[in-house]
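First chain A sits with chain B, and in the next complex the same chain sits with chain C.
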Partner chain A sequence: MTGNRMFDLAVSPHIGSSQNTKRIMWDVVIALIPALVAAFWFFGPRALMLVAASVGAAVLTEWLCLKFMKRPVNFAFDGSAVVTGLLLAYNVPSGVPWWIPVLGSAFAIAVAKQAFGGLGHNIVNPALLGRAFLVASFPVLMTAGWIAPMEWKDGHRIDVQSCGVSTALLSESDELDALSGATPLNVLKQTFSWEGEPGRGEEVRAMLFSKQSLKNLFMGRVGGCIGETSAIMLLLGAIYLVLRGVLELRLPLSYLGSVALFGWLFGGSGWFNGNPLFHLLAGGVILGGFFMITDMVTTPVTKKGRIIFGIGAGLLTMVIRRWGGYPEGCSYSILLMNLGTPLIDRYTRPRAFGEVKKNG
Partner chain B sequence: MSKVKSFAGGTHPPGNKEHSSGAAVVRLPAPEVVTVPLCQHLGAPSKPVVKPGDQVLKGSVIGEQNGFISLPTHSPVNGKVLRVENVPMPHMRSGPAVVIKTESEDGGEVYEPITDWEHADTSELVNRIREAGVCGMGGASFPTYVKLSPPEGVTIDTLIINGVECEPYLTADHRLMLERTQDLITGMNILASVLGVTDPVIGIEVNKPDAIKLLQEKGVKVVSLRVQYPQGAEKQLISAVTGRVVPAGGLPLNVGVVVQNVGTCVAVAEAVCSGMPSIRRITTVSGLGVNKPGNFDVCVGTPVSVLIEAAGGYQGEVKRLVSGGPMMGIAMFTDAAPVTKGTSGILALSPGEVRDVEEGPCIRCGKCVDVCPLNLVPCTIATASEFGKWEDAEKAGALNCMACGTCSYVCPAGRYLVQHIKRAQSEIRALAREREA
Partner chain C sequence: MSLAQNFSRGIVKDNPIFKQVLGMCPFLAVTTSVENALGMGAAATFVLVFSNFLVSLFRKVIPSKVRIPSYIVIIATFVTLVDLLMNAYLPALHQSLGIFIPLIVVNCIILGRAEGFANKNKVLPSVLDGIGMGLGFTLAMVVMATFREILGNGSWLGFNLLGESYQNQPLLIAILAPGAFIIMAFILGFFNIMEKRKRGGVK
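Let's look at the complex of A and B:
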């Protein structure tokens, strides 16, 4: 008889899926690597240096905060700080000095994340708040630090034409001297200020929305933040996340759909003449739509809530692009929607199975 | 095959049924001493009618029914009562039981068989099912006769036989469908005739194609169901098969449905056609913590340790001993506890099989929301519970939770969601009782 052996007690269920927080975070890190390769290709070794500085600063800050608060420091290595560091770096121009991403990451971790209680408790996306902090503190560096994309050929870096817009046309404008390094969204924003010069804006926009321009945007052959330009590489990462069961598509699809819809609606000069594809591929929409709006902590948990969040962020992105003070609205739109998350969750709580609709 | 149906939500844990699904049911003799709990069914325990020293016959009543939601308890053996005492029960507490020294298993006392049940009175059949002590064999152990006595004015038009067995590891119902097919069909027909239902259906997950085929060949209407946990939960099964939604806090009879487990059908057939009271059941013994997983036909009151021996004994380190399936089963602290009418399986789980993680902070990924078959927001309820905000938990729908465990299973942070929600439920109920008092 084996009788009377004693066993541990625990509440059911006794088994669990293999998914865990650490695995999710490292999966996101892996999914962000293709974009890093693109950054290296188009912006050179400098991009890698900035990313490394940012990630290092994020992890170090996390470790220091935990140490200071006497909490288990192994949280610093759960991958979430690495994700924040990567995303922060992906959101700064490749021409900024090294201390910019370091400062941004430290702020993101210390103020946006740890000050609110660490993993799972932050209100807004840490990387985006870090970026907002940088834009507010160093507006010139953060909005003019663009480097023109280049490519490697026979061991040398060569220029590529970035916006699909002919330099001859743009050099007419004094403000656009350094246009080879400006972002397509910068150019688009400029065209909105040419309302008094009939024809000129249309011509430039036609170039921006041209096949060649869209192709450059898709590949990443344009000026922009370190990790945001190459749609194809970001999409590769997103596919990986979907296959790993990490990415739930309600948020990305509602966001991209909303950007496309409103981009078409008012993303050109008037109404119904914007190019949805341009607005999806330009700026940070692909990066934001698959890697930042999908930050689980700061977005709604309900299914309906995620769709509302995505549509709202898409609308805000396009409003900022068209009428706002910045050429790109992706990060601010997500930050603003983050603040609405608790409210969205409250009002989208699903009706329980078999729960009768209450009248009044 | 007809269209595969399902409920909405849920998850799909590894089945692990291959350990025991091929093992034919082995009938075990009664052990030297049986410990027959008087509270094997849901509701009031039976009142003991024997005392130490009494001789009892197999099938004789040792505990009589004590109220409406209650059942009588019968002796599984011929023998002598040693003690009437409290013993450890699978549900983590102790309960009254009659301890009997086995003398033989031959003969005994049965009720008068109702061979011509097609023409018997409904009340006679219901009474037989009651006096034979038949309760739901799927796990919840609700007295079957109560489900067969719908209140005035309620019409039942659908009888669903539950052959889903969605809990991983368990194969007892699967084997029963293959090996006790005729009894199952007879029991199903008896239940249908009692309820006045003309075409009962049986719901089976598609991971048991042999059972589906066999029953279809016998002319039974089978609904094939997607392999998705918790497909066998009563309300989910009803939704999958009929599309009807049982109101929250309501019962299947509110939508004209009665659900009975396949094992219950067999018990009903035995009680009616052979007059045999409910004293045995088929149970699975599995997990990597036993040498030879299998399915066993045992008498109630058999200690779990005897079943483990029958399955080749323990193997390696056993992290957890579970009565039932791994999703909703109850961890037992001792294998001295007896098998009851509701014991669908005994699992000896090795450390590699048990999820044993430190609870991390909620990362609000929403996976629990995506899978909850009852459309709850488990993470919110659990957080309210952790902070002792019972009213918030109640408002968030804590009382709707059936503790199926799907949320805890998928939670990447390893949160003990079910535990927190169950805690909230008991606190909310305690507060409600306080208010009433």
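Let's look at the complex of A and C:
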């Protein structure tokens, strides 16, 4: 390796910019902190422990990889590993053992990022690939580790009724402990399997789409992954990023718009009776839409391309939620679109000034 | 090239999997356990040796225009033999290898050796080449299966290595399809580094 030399290239003249990788990454870290507060409030100190383990493992893995590949190890402290570690931890349920986020972070950094050449060369979002790795490896832990919010405080158990999950869910054969941890999307998914029982699914869906349920989703008082539940805290972070000029809104807005549209189109039973607001607030759409789909490395560079990317990811999210094998499709939709990024870039390349359109 | 080289070349230097990157289909698909890998390696080696033998024997008789179909007929004969023998005497292994036994017919290694070596060489070197390549293939299969079975099931050739607690919560991805690609990438990367070091390139 030529080491740092390759970054010394300079052709005059340049416009100086205060933006650099380090600043952007630490801005993202700051923007993710409100969600961490919400995670602590709803899921307890355990959530903080998992996040710390994940971030620590991410930075350590990055450092070890750089050391092993004889690259400058101070790259490990540019904040990108911290962001990956944070996002990975935000994507696991709070009931998992500590080694789950550690393993996920190590995989995300070592395989999804460093094996492809480090920051700027990874083809998919490392944190999301880490999550996909965990879901494939430990399907039971990763889909059953839900903890109901506030359960960690004694005597402050969640009110099942207000959580949007009704007793209508319970039949003779259902066990109550499954209910306490179910996420709203799990419940929604379940209602789709009741097509043969008219009324039952409708009733539960009406409960899910109710004002109370949407309020809980907005505040984060629902079961879910550590950092994805509280829409308001994530939005606070997103506003900070917009103000700092880090976040370019084409991707988030086209993604959220697409989720809302397709959520309304087929997010309920049949057509045109889904609740767009529910689909925006439930699961990881807000977290994914502002913090993961916006990864600069793995998304198109063209403006048109970014809008196509967002719409495609939104469509895939809703298709997985409605017909797929998992209750939530946010992470897989972004991963799939990441793979399409080079193609999108290729077809949306703007014409250079003076270039003549072929066969025009 | 000496006879010894004909034999030894396929094991490491020209390993069909690690160096020629042929036969990826069984390499990725049936290396979920060391037992499967050994069974597949043995079956492919058997077919490889005998097809090399026959192709070499008939190399002056087979018209060049129809040589590929002729090779396929020869290979398919031995694959059918293996298929039926395995079904009769090793039904459990036959069950777990499934479709990949008949698929040996279109295994690139076997067709590649018939076309690339046995076609042009005398019988003895061809047979030795078949044995060497077959052993190299089996070795590669076992190396891959070792990683996958230990990580994905906590065992090696059925022996429990990592204990009950690991087996309850194994790294399942290692025996799933993505794990095969990831582990293969690391193994090939390792061989590339070794190759570069030997040539005195990148340290």
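The definition used in the following text is that the second predicted complex is superposed on the first by the 321 of 360 C-alpha atoms of A that agree within 3 Å, B and C clash if a C-alpha of one lies under 4 Å from a C-alpha of the other, contacts with A are read in each partner's own complex, and residues count from 1 in each chain.
The rule is short, and it goes like this: a contact is a pair of C-beta atoms (placed from the backbone, for glycine too) under 8 Å apart; a residue touches a chain by one contact, two chains touch by 3 or more.
Quantities reported herein were computed from a predicted structural model and do not represent experimental measurements.
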{"item": "First, second, both or neither for A:L243, with chain B first and chain C second", "value": "neither"}
{"item": "Chain A residues touched by each partner, larger count belonging to chain B or chain C", "value": "B"}
{"item": "Contacts of A:V111 with chain B and chain C, given as first, second, both or neither", "value": "second"}
{"item": "Contacts of A:M296 with chain B and chain C, given as first, second, both or neither", "value": "first"}
{"item": "Chain B versus chain C as contact partner of A:F133, first or second or both or neither", "value": "second"}
{"item": "Which of chain B and chain C A:L141 touches, first, second, both or neither", "value": "second"}
{"item": "Contacts of A:M69 with chain B and chain C, given as first, second, both or neither", "value": "neither"}
{"item": "Touching residues (chain side chain B, partner chain A) in the complex", "value": "11, 13, 92, 168, 235, 239, 245-250, 303, 305-306, 308-309, 313-314, 318-322, 326-336, 347, 349, 353-355, 357, 360-370, 373-377, 379-380, 396-397, 400, 403, 405, 408-414, 416, 418-419, 422"}
{"item": "Contact set on chain A toward chain C in their complex", "value": "111, 115, 133, 136-139, 141"}
{"item": "Chain B partner contacts - residues on chain A that touch it in the complex", "value": "1-17, 19-21, 23-24, 118-121, 248, 296-303, 306, 345, 349-356"}
{"item": "Complex contacts: residues of chain C adjacent to chain A", "value": "169-174, 176, 178, 182, 185-186, 189"}
